[in-house]
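In what follows, subunit A forms one complex with subunit B and a second complex with subunit C.
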Partner chain A sequence: MLLNKRAERLFVWIFFPLALLMPMFLEQNEYYVNKLTTIMILSIFVMSLDYLVGKCGLITLGHAMFYGLGGYIFVMIAPEYEAVNFWIYTFYICAISATVAFVIGFLVLRTNGIYMIMITLAFAQMTFYYFSDSIDFGGTDGVFVYVKPETSIFGLSLFDLDNPTHFYYLCLLSLFNTLLFFKVLIRSRFGRLVDAIHANPGRTVALGYNIFIYRLVSYVVASALGAYAGYLFTLQYGFVNPSMLSWTTSGTALVMSILGGMGSIYGAILGTLVYEGLHYSLEHLTEHWLLFMGGLIILMVMVFKKGIAGFLEDLLEKRDGK
Partner chain B sequence: MSNLLEVKSLHSLYGESHVLHGVSFSLDSGQALSLMGRNGMGKTTTLKSILGLVTPRSGTVSFKGENITNLATWQRMKRDIAYVPEGRGMFHNLTVKEHLQVAARANNQGEKTWDYDRVLDTFPRLKERLSNLGTQLSGGEQQMLAIGRALVTNPELLILDEATEGLAPLIRKEIWEVIRTIKESGISTIIVDKNIQVLQKLCDRHVVLVKGKVVMNLDAEQLQSNLAQVEGYLGV
Partner chain C sequence: MENNVILETEGLCKYWGGLKALDDLSLAFHDNQLHGIVGPNGAGKSTLLNMLCGHYKPTSGKILHRGESISSIKPYEFARRGIGRSFQKTNIYSNSTCLENCSVAVQRLMGGSFNFFRSRYSQKMLDEIATQALEKVGLGQRRDHIASQISYGEQRQLEIAMVLATSPEVLLLDEPMAGMGHEESQLIIDLLSRLKKEYCIVLVEHDMDAIFELSDQLTVMVDGQHLVTGSVDEVRDDPRVKEAYLGQGDEVY
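Entry: the complex of A and B
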C-alpha cells in the first residue's frame, strides 16, 4: 500500500478533498486563496527537503539555493515580454537545476554531518551574495516577471496563471503529484536502498552498493523539486529576489520539516500548515510575534518528539490499543 | 582447484596501533577456511582489510587472480564476495522481506541460485517474521537474516565473522548446519569462530592468528595432529 500509515491515509483523505473544495468557500476572499497557494508551494519545497534530511540522512542548510534558483533560472531563460509554455519551462528549470545539483552534489556528498551542513551553507551563501550584488538581476530587489506563462497542452489551456483560483489548483495538483512521486520512490527498490543507506551506510556498501550514486541521485531529485517550488513561488508573486536563496529560508523549511515529522513526507504539509498558520495568527496579534512563535515552536518540538505526524500516528495506535 | 583468494603480507593499522603484521594466506575455490585466534588478535581486522573496510598500509589482496587491493569496498563486493559481520548489522528501518529484496541480485555469471524463496526455505523461522523490522528479531533470527541477506547476493566467497556468537546452543547448531549446506553448495567460505570442534569438521584450511601474525596455516589433517598446540593458542 502506497500510504502505509493510518494517520497518513487519514490526513491525505481529509486534506486533499478539503483543499479541492476550499476555493469555493473562499470565493470572495482572494487573500486566503493566495495564502493557501503559498502554503502548498512551501509544502512542496519542505517535502523535498524532508526527503533529503529525513529519508536520506543528508542534512543541508543550502536547500533554499535551489528554491531561489528555480525563480532565477526562469527569469534568465524566459523572454521578458512573451508568454512561454509553463510545462516546457518546468522541464527546463528542473533539468537545469538538476544539472547544478549534480555538480554541487558531486562535491558536497563527499562529506557528511556537520561538514555537509557547512559546505551546503557555503554554496547557498555564495549564490545568495552573487544575486544580491548583481546589477543584472536587480540586486536585493530581484527581478520582476511581467508576463506569466501559458499552460496549454496541444492547444488546450487548463490553467490561467493570472487567475488566483486557477493557480491554486495548479499548486494543489503539483503538491499531490510531489507527494505521490515521493511515496512511489520510497516504496521502490531505490527507496529501500536509500533507507538502508540512512540506517547503516557501511553495511550497504558491504552489500556491494555504491552509496554515493544513490545519495547523488536523491540529492539531484530533491533539488530539482525544490527548484520547481521556487519557480511556482516566483510565478505566484511575479518576482524573484535573493531572500528566497537565503539560509534563513533553508532554516525555516527545516523547522517546518521537523515540526511535521521528519522523514514522514506528508508531515511536510502538516509542518508548513502549522508554521504558516501560527505565523499568520501571531503576526496579527502582536508586534512581538517572533518571540511567541519561537516559544511555541520550542514547546511543540518538546511535546511532539516525532513531529505532528508521529504524534498522530502514536495517537491512532494508542486508540487501537496496540 | 583454482586459487580464489590470496592475501599477501597485509599490514594494517588503527591510527598508531599496528594490528596486522604481514598476514598471508590463500583460499581455493569451494574450500572453507577458518580464521582462529583469541580476542584482539586481528581476525576481524584481517576480514575488514580483505573487504576494504580497513585500508591496509601495505600488502595485497587478490580475488580470482585480480588485484583488488585498491578497489572500493562496494567494487570488491560486486565481484561476488559477501560478508556477514559481527553484530549482524541489521537495518532498523527495513522489514525482513525488504532486507532480502534490497540485497538480492544475480552474481557475475548471471546465476541466481540463492533467491528470496530459497533463503526462506533454508530459514523457515524468517517466513513468520517477514513484516518484522530487522531489529525486532531475536539474536538467532537476526543472524539467519544476516546470512540470508548475504546469500541472496549469490556470492562465490562468503565471509562470516562470529556467526554463532551469543546464540543459544540449539540455534547455534541450526546455523552451523546451514553453513555446512552453504559449503556443500560450492560457495567458498572464510569463518571466524571459536568453536574449534565444529571448525575442524567443516573447514579445509585453518589459519591461526596471534598478535596480528599467522602462526599456523594448516590443512585438516595437520590440524588434527597439532590440535593441542592450536588449542593452546586459542586458550581453550
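Entry: the complex of A and C
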C-alpha cells in the first residue's frame, strides 16, 4: 500500500479534503487564502528537504539555494511584460535547476556529515551574495514579476494565477502531486536503494552499488522540486529577492522537517502547518514572539522525539495494541 | 589445471602510518576451494579481506582477478565482478526483513534500480531468488522476520545469504562463526562444506577445528607477514607455526 502507516492515511484523508473545502469556509477572505497558499508552497519545499535529509541521510544546509533559484531563473528567462505559459516554464525551471544541482551535487556528494553541511552552506551563501550584490537583479530589493503566467494547456486554462483562490488550488494540487510522487518513489525499486544506502551505505557498496549515483539522482530530484516551490512563491508574491536564498530559509525548513518527523514525507506538511500556525498566533499576541516560538519549538522537539508524525504513529499503534 | 586461479595477490602491502598491517603478501585463491587464513589477533587477516574486496586500497602490490589487475577499480566494482564478502562485525540492514536484506542484493542483478515508479514489491522473480538465498543458508522460515530480531547466529547466516544473493564467484568470509555457539557453528561448517564445491572461498576464522576441517589450502599469517601456506597437514606439522603460536604467549588461548 502506498500510505503504509495509519497515521499517514488518517492525515491525508483529513488534510486534503479539508484543504479542498477551505476556500469556501474562508468566504474569499484573501488574507487567509494567501496565508494557506504560502504554507502549501513551503510544505513542498520542506518535503523535498525532508526527502534528502530524512530519507537519503544527506544533510544539507543549502536547500534554500534552489528555492531562490526557482524564482531567479524565472525572472532571468521569462520576458518582463509578456505572459508566458506556466507549465512550460515549470519544465524550464525544473530542468535548469536540476542541471545546477547535478553539477553542485557532483562536488557536494563527495563529502559527508559536517563537511557536507559546510559545503552546501557555502554554495548557498555564494549564491546569496551574488544576487544581493548584483545590480542586474536589483540587489537586496530583488526583482518584480509584473505579469503572471497563463496556465493554458491544450487550449484549456484551468487556473487564473491572479485569482488567489485559483492560485490556492494550483498549490494544493502541486502539494498533493509532490506527496504522491515521493510516496511512489520511496516504494519503488529506486526507493529500495535509497533506503539501503541510508541504512547502511558500506554494505550497499559491498553489494556492488555505486551509491554516489543514487545519491546524485536524489539530490537532483529534490533540488528541482525545491526550485519549483520557489517558483510558486515568486509567482504568489510577484517578486523574488535574496532572502529566499538566505541560510535562515534553509534552517527554518530544516526545523519544520524535524518538527514534522524527519523522513516521514507527509510530516513536512504537519511541521510547516504547526510552525507557521505558531508563528502567526504568537506574532499577534506579543512582540517577543521569536523568544516564545524558540522555546516552544525546543519543547516540542523534546517531547515529540520522532516529530509530530512519529508521535501520531506511536499513538495510533499503541491504541491498536490494546 | 583443474583448479583455476580466480584471485591472486602480488606483493600486497598495507601500511597504516608506520604499522605494517600487511607486508609483501603473494597468494593465489582457486576455484572450488576453500582457502583458510589464520593468525593471531592483529595479524592482518581482516586487512587482507578488506583489500581483496576493494574496501581498502593497497599501499603497494597488486590484486589480480582472473589475471587482470583490479587494484585501481572502484570498491563497488569488486562486487560486480563477483567478489562478495561478509563482515567480521555483523553488517546487515537491521530494520528490514531478511527477505528485504537479500532483495537489495538480488536487485543489482535484476536491474530496475533506477525505476522510480515500479513498486519494489511487484516482482515475483526477485522475491524467489532472494528466498532461495535464504533457504540455502537455512533461514527460509525467517524470511519475513526483521533482521535485528533474529538471533545473533542467524544474523551471521543472513550475512552469508546476502553475499550469495549477489551470485558471486568468490566469497570472502571474515569470521562467520565468531560468537556462535557450538551448534550454530556446526550449521555454518556444514553450509561452507557444501558451498566450497561451487565457489572460491577465502575464510578467516579463529576456530581451529573448523578451519582444519574445511580448508583445502591454509595460510598462516603473523604480524602482517606471510608465514606458511599449504595443505592442512603440512601447516599443522610446520615447526614455524608451532613456534609462532606458542611464542604469542597469552594472546592465544
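Miscellaneous remarks
We take it that the second predicted complex is superposed on the first by the 320 of 322 C-alpha atoms of A that agree within 3 Å, B and C clash if a C-alpha of one lies under 4 Å from a C-alpha of the other, contacts with A are read in each partner's own complex, and residues count from 1 in each chain.
The working rule: a residue touches a chain if its C-beta (ideal position, glycine included) is under 8 Å from a C-beta of that chain, and two chains touch if they have at least 3 such contacts.
Please read all numbers here as calculations on a predicted model, not as lab measurements.
After overlaying the two complexes on the shared chain, residue contacts for A:V184 are found with subunit C alone; subunit B is out of touch. Looking at the shared chain after the overlay, A:A95 reaches neither subunit B nor subunit C. For subunit A, the partner touching the most residues, choosing from subunit B and subunit C, is C. By the touch criterion defined above, A:L107 reaches neither subunit B nor subunit C. Of the two partner chains placed by the overlay, neither subunit B nor subunit C lies in contact with A:I14.
In the superposition on chain A, A:M126 makes contact with neither subunit B nor subunit C.
When both complexes are aligned on chain A by C-alpha atoms, subunit A residues 189, 192-193, 195-196, 199-200, 202-203, 205-211 touch subunit B in the first and subunit C in the second.
On subunit B, the positions that touch subunit A within their shared complex are 51, 53, 72-75, 77-78, 82-83, 85, 89-94, 98, 101-103, 105, 149, 153. On subunit A, the positions that touch subunit B within their shared complex are 189, 192-193, 195-196, 198-200, 202-203, 205-211.
Across the interface of their complex, subunit C is touched by residues 184-185, 187-193, 195-196, 199-200, 202-211, 214, 217 of subunit A.
Residues 53, 55, 74-80, 84-85, 87, 91-96, 100, 103-105, 107-108, 112-121, 162, 166 of subunit C are the ones that touch subunit A when the two sit in their complex.
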